[in-house]
Amino acid sequence: MTKARHYLSIVLLHLRKELHLEWRSRDAITGMLFFTLLIAVVFSLAFDPTSNPTLARQISGGIAWIGLLFAATTSLNGSWAREQRNQVLDAHRLSPAPPSALFVGKALANFLFVTLVEVVLVPVFVLFYNIRPLGQASLLWLILPLGTWALVLNGTFFSALSLRSRNRDLLLPLILFPISIPALLAVVNGTTSVITGEFDPNLWIRLLAGFDIIFTVVALLLFGTVLHAE
Amino acid sequence: MLAAMVNAAEVNAADVQNVSLLYGNFAALRRVTCSFATGGMHLLLGENGAGKSTLLRILAGLITPSGGTVRVLEGSPAERRSRIAYMSHASMLYDEMTAMENLRYFAQLGCAPGTCALCHASPEMSLRAVGLDHTLTRPVSQYSQGMRQRVSLARVLLTDPELLLLDEPFSNMDGTGARDLVALLQDVLTWPLTTGASTGVAKRTIILTTHQHDLVSGAVDSTTRLERGTIAAEQSVAA
Amino acid sequence: MGYSADSIRYLHIAYTIFITVQVAYVAWLAARWKRVTSAIATTRPPGA
Amino acid sequence: MKTLFTILAAVAVVLLGFGLYQAFLVAPTEATMGPVQRIFYWHVPLNIIGEITPYVNMLASIAYIFLRGRNQLAARRADALAVASAEVTVLFVGLGLIGGILWGRPAWGIWWAWDARTTSTLLLLLLYVSYLLLRRFSDGPGSRTIAAVLSIFAGVDVPIVFMSIRWWRTQHPAPVLTGDGEIDPVMKSAFAWNLLAFFIWGIVLIWARYATLRREQALAEREALQLIGVA
């Protein structure tokens, strides 16, 4: 019991520190937000959603998530670069605190950042693409967090994995995208089904939940190995 | 009981046997064998690239050697993690936070389950010990090099370690600052141990590397010289 | 038979690729094996 | 061991030749698709073996992570096996995909249909290409461990990929690509011969690559010993 409490307190400690550092610079959130906005604008220029409302409905979910995925990849590397500057990572490796707590704290922080970006983004997409969801909009409360966690979980893990390699900015998308494709497929289809109302999103929600659970467990089990791989 | 104490006194703080470390086609350490007695200050000397920092990092458990065995405080570096502290030439601090914020964070990280109450007081104490004001509100990035070095040392002292591994603690410091720090380290050696001392005779040990060895020459108990990844000379100074 | 000429052409292309790529992989493996074997022969064994 | 390898390699080559003979001269021409259907005799075994080797890679990686602190020699063996099986996966699945593309064009008029099987196979290929890329991009002491971790993620991902792609394709109408029907028993036996041939051929390739990697590791070890002045 005290062990679980201690673990939780360490996770919160890391989370607080991440939020604190992000609050000082606000690099990640501003970067991600602007990046995704740009993607939305560029795609609406390419597809002209006003004259193709059906098409806009079908592709806006995909565009939003792909934009988020790209934006997250660019900022996730930064979240570990922070630990590498001044070799703070060594201090973490030397501390007796459980290594996976560091991972969970960071993943939770990134989850909050991406969620914040989404909160700003949803009205923007509604505006730009003239979207009125035809499906059950309340399901988005399930799809968005599940999808965000899938994205952030693997992103945080693999950016830690590629920390010590050459070309790490290139490597992260190369290993993150193939692994995350089932989650991306599920979240895009789930979102699209809510917007178009054409099919049932339940299957996709279940897939997302399964993906989240499986990969959270694997990441927790293996993070210590990654942190101490030297 | 007596026998146990005698044994404990004979055990070295760190034993390195036949340790090698390879990076690709470069050997940072070649079959290094040396030991550091428990208690006192031990100096590692050598040119740049001789392997001093690498040896310290191996003792800290940050690098697993390619071959050979390392025993620290009668265990593997990973097992003794909570009783060792390591200070590198990088500050190991978050630039965006103040000294106190950094230290509080690391103090809580170092807490064992259920003992957190003990740690909360120490950040101020260790900052004061290194001669810094704990009410400073500037982020660490705006400190001078020397000040950052002190905060870095304060971070090391936080966990009340038995074995201190210090990599160039006096670099970027002026003469008086460095001399103060040497005096502080000598003082630290006399501090009573409150944690991890199971035998009752455990003493603190400091292993450090420095270029300004004339600064510490009066204070050290032994000197080990590394040359191109091997031990060139080992001598202990009779007290 | 009324099959398109494409049908046979693509069949031949496919098997040409199958065989060429695998032969190339084997050749690459063999070259690697030879290189490492000759390199081992020129370095002294440990302890010698 | 060496003679066993030679025998196995000879058997594999003979079987491959026999399989080709079966595929081209014994099996009858398929009625609707014509001669191009004969791609099937290599295309399918390549894919089937290519879907087994990822698990060899994953098990070897788990073994590596488990062994690396305990038994250096066994750990290095596991690591070599992991790399060998990942490479053979990429080789076989890649060839299988090329075969599929060349089959699709004359049979259905399109190079690439995003149907369940091709899509999931493509993703499988991408996963193991990314594994090999990680190995190429990272060197240094931790690179093997890191690659092993990625391999476990990939291995866990493979069934999820297959499942999700199947669901994806059942929701979206896809062209019906495979017709049901009686398969000629001669075709069946020709296919079985080829499957056996590729099973053994896969073992031979992994073995050969493994042996090469072990020698390269041994060479690196000798050079290392010379560096630290033992030899």
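Things worth noting here:
Labels for the chains are A, B, C and D, by order of writing; each one numbers its residues from 1.
Keep in mind that, in the parts below, contacts are C-beta pairs under 8 Å (C-beta built on N, C-alpha and C of every residue); 3 or more make two chains touch, one makes a residue touch a chain.
From a predicted model like this one, the values you see are computed outputs, not experimental measurements.
Listed here as common contacts of chain C and chain D: no chain. Averaging the CA coordinates per chain and comparing them to the mean over all protein CA atoms picks out A as nearest.
A count of contacting C-beta pairs for A-B and for B-D identifies A-B as the more extensively joined pair. With centres computed as the average of Cα coordinates, no chain lies farther from chain C than B.
One simple way to say how far apart two chains are is to compare their mean CA positions; for chain A and chain C this gives 41 Å. Spacing of chain B relative to chain D, judged by their CA centroids, is 50 angstrom. Annotation: 54 Å between the Cα-based centres of chain B and chain C.
Annotation for chain B: residues touching 2 or more other chains are 63-64. Touching two or more other chains at once are residues 230 of chain A.
A list of each chain pair in contact follows: A-B, A-D, B-D, C-D.
The touching residues of chain D, counted against chain B in their complex, run 139-141, 223-224, 227-230.
For chain B in complex with chain A, the touching residues are 60-64, 81-82, 84-86, 88, 90-97, 101, 105-106, 108-114, 116, 139, 155.
Considering their complex, residues 154, 157-158, 161-162, 164-168, 170-171, 174-175, 177-179, 181-182, 185-186, 189, 199, 203-204, 207, 210-211, 214-215, 218, 222, 225-226, 229-230 of chain A touch chain D. Against chain D, in their complex, chain B makes its touches with residues 20, 22-27, 29-31, 63-64, 66-67, 229-230. Of all residues in chain D, those touching chain C in their complex are 20, 29, 33-36, 38-39, 42-43, 46, 91, 94-95, 98-99, 102-103, 105-106, 205, 208-209, 211-212, 215-216, 218-219, 221-223, 225-226, 230-231.
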